[in-house]
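Shared between the two complexes below is chain A, which has chain B as its partner in the first and chain C in the second.
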Partner chain A sequence: MVGLSLGEQHFIQGGISQDLRCDGRKRLTFRPIHVETGVIPQANGSARVRMGATDVIASVKAELGKPSFLQPNKGKVSIHIDCSSTAEPAFEGRGGDELSSELSNALQSCLLGGKSGEGAGIDLSSLIVIEGKICWDLYIDGLVVSSDGNLLDALGAAIKAALSNTGIPRVQVAVGESSDDQPEVDVSDEEFLQFDTSGIPVIVTLTKVGRHYIVDATSEEESQMSSAISFSVNRQGHICGITKRGGAGMDPSIILDMVSVAKHVSEQLINKLDSEIASAEAEDQE
Partner chain B sequence: MRGLQLPLSQTQKVRLQNALNHLESLSSKVNSDASVTVADSISVNHEDGVLKGHGTADIQGDLVATLCGVVERVNKLVYVRALRSRYKPEVGDIVIGRVVEVSQKRWRLEINYSQDAVLMLSSMNMPDGVQRRRTAVDELNMRSIFEEKDVVCAEVRGFQHDGLHLQARSQKYGKLNRGQLLTVPPYLVKRQKQHYHHLEQFGVDLILGCNGFIWVGEHIEAKDDMVEDQVSHPNKNSASLEELEKNYTALETRKYICRAANAIRVLSTLGFNMTLEIIKGVIDLSLSQNLDIHDMLGSEFFVLVAEKEAERRSSSKKKR
Partner chain C sequence: MTGTGGTAPATYSPSPTTHKNKASLFQQDWVRPDGRGFHQCRPAFFRTGAVNAASGSAYAEFGNTKVIVSVFGPRESKKAMMYSDIGRLNCNVSYTTFASPVRGQGSDHKEYTAMLHKALEGAIILESFPKTTVDVFALVLESGGSDLPVVISCASLALADAGIMMYDLVASVSVSCLSKNLVIDPVFEEENSQDGSLMITCMPSRYEITQLTVTGEWSTPKINEGMQLCLDACAKLAKIMRSCLKEAASDSQE
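Up next is the complex of A and B:
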């Protein structure tokens, strides 16, 4: 990340306070989002999302596994993010590990809810095959190819798109002799069930610079932030997860204000994202 | 035109392709027999005693190109000039650099070249304007002139034993504030008579650095702003939010700055040369279309700019 001179920083802060950012956007305008699905044919589902110069890829792999003892009627999902060293020279070797784990944790809390699986954006009970014995394990992997700010939003959008592109193979369960035996399953290669993604939330990050918040910050604007809060909001306008980054503390009234701004912005984002995903799927089919 | 990421509709793709084909047809008159790719042999009269320059190799008596580019011949020297190469500094180039280090009696600037350029303390005008020998006190106060990460405009003085030297002796060179720095591929900025442009109707300063760094900012009169900096600099660190807010660039000027910046971004993605005329044309096009500043980065404007450039070039060709 190249540093910015005082004059440039002043210019960026001035732009944000006057509602005219460096590329002409308003404070609550997103950069154009470009979605491509099916970029990784070997995965069950994949998507690539570009927001300006930020470029991320998400892939979903489904494998059969045993459900956890405490939740026998729910499948398992694990999210892991990797920051590629092509994104930033600082990410080479172990440099990107901190950011990767931060993003993975934030995404897990936003999409998967708490430890008990409560309030998850992804419906885990739809992943069960045989209760207590066999369930689908979803491994969601994200890769940051190019970083220009707002990674969390882009990854959230990519995961949503990848999940809507995911096809879970149909499983035929052979009736076992006794209930203790491991039942035989026949995983179909042909038929796929589309994953239901209407309940999956999107993530909106509000970055506070000076007195105002902006949406979809570039990396230059992020360098000026005092703090940033990421909200994951679903279609019904419910908040599924909140993550705060940045060292500065905030008055609670500001957070409530940000919540309402995030709800308002997320409506537009969900509609935009859905239409982009639909057109990407249509193109994919061609 | 690399890395085009805009989602273009079918009609837009067709229009863009037409415009690009038109541009290609206009320029194909350039001596195409002079362009070579790697391992093409260069036709040379061996009896003349030819000097083999950059980008050539002597393989089994034949002169062969090692780069993709255009063959240039200067008297007895034959060399291949690549079309998309790294920035190559020449004496007298105006460049914009970012300070990476403050050393003994010099600043090191990053200018998108293979080495960092050096700006000597003696090549800078002193804040009080007096021509005098630089003392140790001056050296200790170097940070009050330029700090790390500052954006500086300077001129290439030449290559010395320890690297590339710059100078900033005139009033128009120096620290750049109140604006934004853009990066474009260096081969898009050709050497011209003027690199400083003041767009009067917009109140915007535009500096086209030959190294691909372009500065778009508020217009600042070329006066003794060094002295002003000395006074205002200690204030900046302790200024409260309200004072900073009063100091922000005016909204009208800011709009024009953003428009110019977006115009440059569009031209850079399309791969068109950066000249004042073309940039002004793009800004006027966006104003005449009444486009929102952010829409300038959308696909429709993109295609419009390509078409307009094709028109402009064909009309300028007809005039000749």
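Up next is the complex of A and C:
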């Protein structure tokens, strides 16, 4: 990323404190979001989300597997993010590893809830085929194609869109056989079950620059941040996960204030995303 | 244990302790395994100077969670690194193979290294050691629950023991949500059946939070309550850490 001169830094900080950002947005306004679904035909579900110059793709693949011993009535989900070197030359080889694992961890804690599986955005018990023996394993992969700030929000939106686009094949189980043999399953190629995504939270990142917070920061604005907190909020207004980036310390009252701002902003984002996803699905079907 | 004629490998493992199928019925009136109240932390034991070869080190024991941290530095940055006029912090958290009840299972905590780094970098005055690197190596000897908060508190004590300049000590506490109850400083069992967790790392004297991680579904009043609990506990923990440092300093003066 090109370095910023002192004048440019002051311009960005001054603009933010006066509620006028470099591209004319207000502090709490998102960039226009474009969603396309079904971009990867071989995957069970996929989506591409563009927020300004940030471009990310998410794909969902479902495979049959064995449920975990500790939770025999739930399927498994694994989220992995890859920062491609097309986004930044610094991401080539091992360079993007740190950012990728930070994003993967943040998304996992936001979408998969606590250890007991409570509060998960994704309903894992709908992925079970035969309790204790066969379940669906969902592999969610995110790819950062172009990076202009706010990667976490874009990836969260892409995963939500990809999951609404996901079709889990219908499975026919052969009845009979003794109970400890591996039952025979017939995976249908034709019929699909749509995944229920109404409970999936969205992620809103609030970036603190000076004394104010902005939403949907570009990478120039992110270079001026003191810290950023990402909130994952679901439709009911409950917080499903919080991660803080940046080392600067923050007063607890500021964090609580950010919680209420995030909830307020997330309502608009959820509605916007849902309508975008619905229109993308409609286009996809034509 | 001579099993079937020499074909079985010669390792013995005790049968998995208490495979309770997530007693969700009991969570309403959960009695903590060590008899503590819901808002009571485990007694903390700290000792600095555990490792003689290191610039600074500390050992912490909170109930069954035992952690040792050594700090090396400031020492020369690797030649491959670019020149930097502020110092660098390099962290690593690893588990011994005997740390968890089932051997070798602690390896799914790779993100702890990044979280330790984020928790400490806000507190260290990096400008005081330009061009050099400070290495913080944490080893979890026994994992009894709430590992990362103990690692962070122990690491900041080790940094103080090494004489690295910091804005303030870093204390860390986590709170678990078990159905409706908030339980502070959870043990291993409580963590495995938790519905959500909130971990706060703060600098108590400055009343600033450096790191905050929340998983699971939380409503705003619950987050409020959880944060207050953690901040109070961190303030008390910081006092214990300070007194440990004072003791160590007065011992060395004699």
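Just so we're on the same page, the second predicted complex is superposed on the first by the 285 of 286 C-alpha atoms of A that agree within 3 Å, B and C clash if a C-alpha of one lies under 4 Å from a C-alpha of the other, contacts with A are read in each partner's own complex, and residues count from 1 in each chain.
Here is the rule we use: contacts are C-beta pairs under 8 Å (C-beta built on N, C-alpha and C of every residue); 3 or more make two chains touch, one makes a residue touch a chain.
This one's a predicted model, so the numbers in the text were calculated from it and none came from an experiment.
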Quick one: is A:Lys244 in contact with chain B, with chain C, with both, or with neither? Answer first, second, both or neither. second
Greater residue coverage of chain A in the superposed arrangement, chain B or chain C: C
First (chain B), second (chain C), both or neither touched by A:Glu98: second
Thinking of the overlay built on chain A, is A:Leu4 touched by chain B (first), by chain C (second), by both, or by neither? first
Counting only touches as set out at the top, which of chain B and chain C does A:Glu286 meet: first, second, both, neither? neither
Thinking of the overlay built on chain A, is A:Arg50 touched by chain B (first), by chain C (second), by both, or by neither? first
Return first, second, both or neither, reflecting whether A:Leu20 touches chain B, chain C, both chains, or no partner chain. first
Could you look at A:Gly113 and tell me whether it touches chain B, chain C, both or neither (first, second, both, neither)? second
Overlap of the chain B and chain C footprints on chain A, residue-wise? none
Okay, in this complex, where on chain A does chain C touch? 70, 98, 101-102, 105, 109-110, 113-116, 118-119, 229, 234, 237-252, 255-256, 259-260, 263
Which part of chain B faces chain A closely enough to touch in the complex? 5-7, 98, 147-151, 175-181, 217, 236, 241, 244-245, 247-249, 251, 254-255, 258-259, 261-262, 265, 292-294, 296-298
Using the touch definition from the top, list the residues of chain C that touch chain A in their complex. 22, 110-111, 114, 118, 120-123, 167, 177, 191-197, 202-203, 206-220, 223-224, 227, 231
Where on chain A does chain B make contact in their complex? 2-8, 10-15, 17-18, 20-26, 29, 32, 34, 50, 210-211
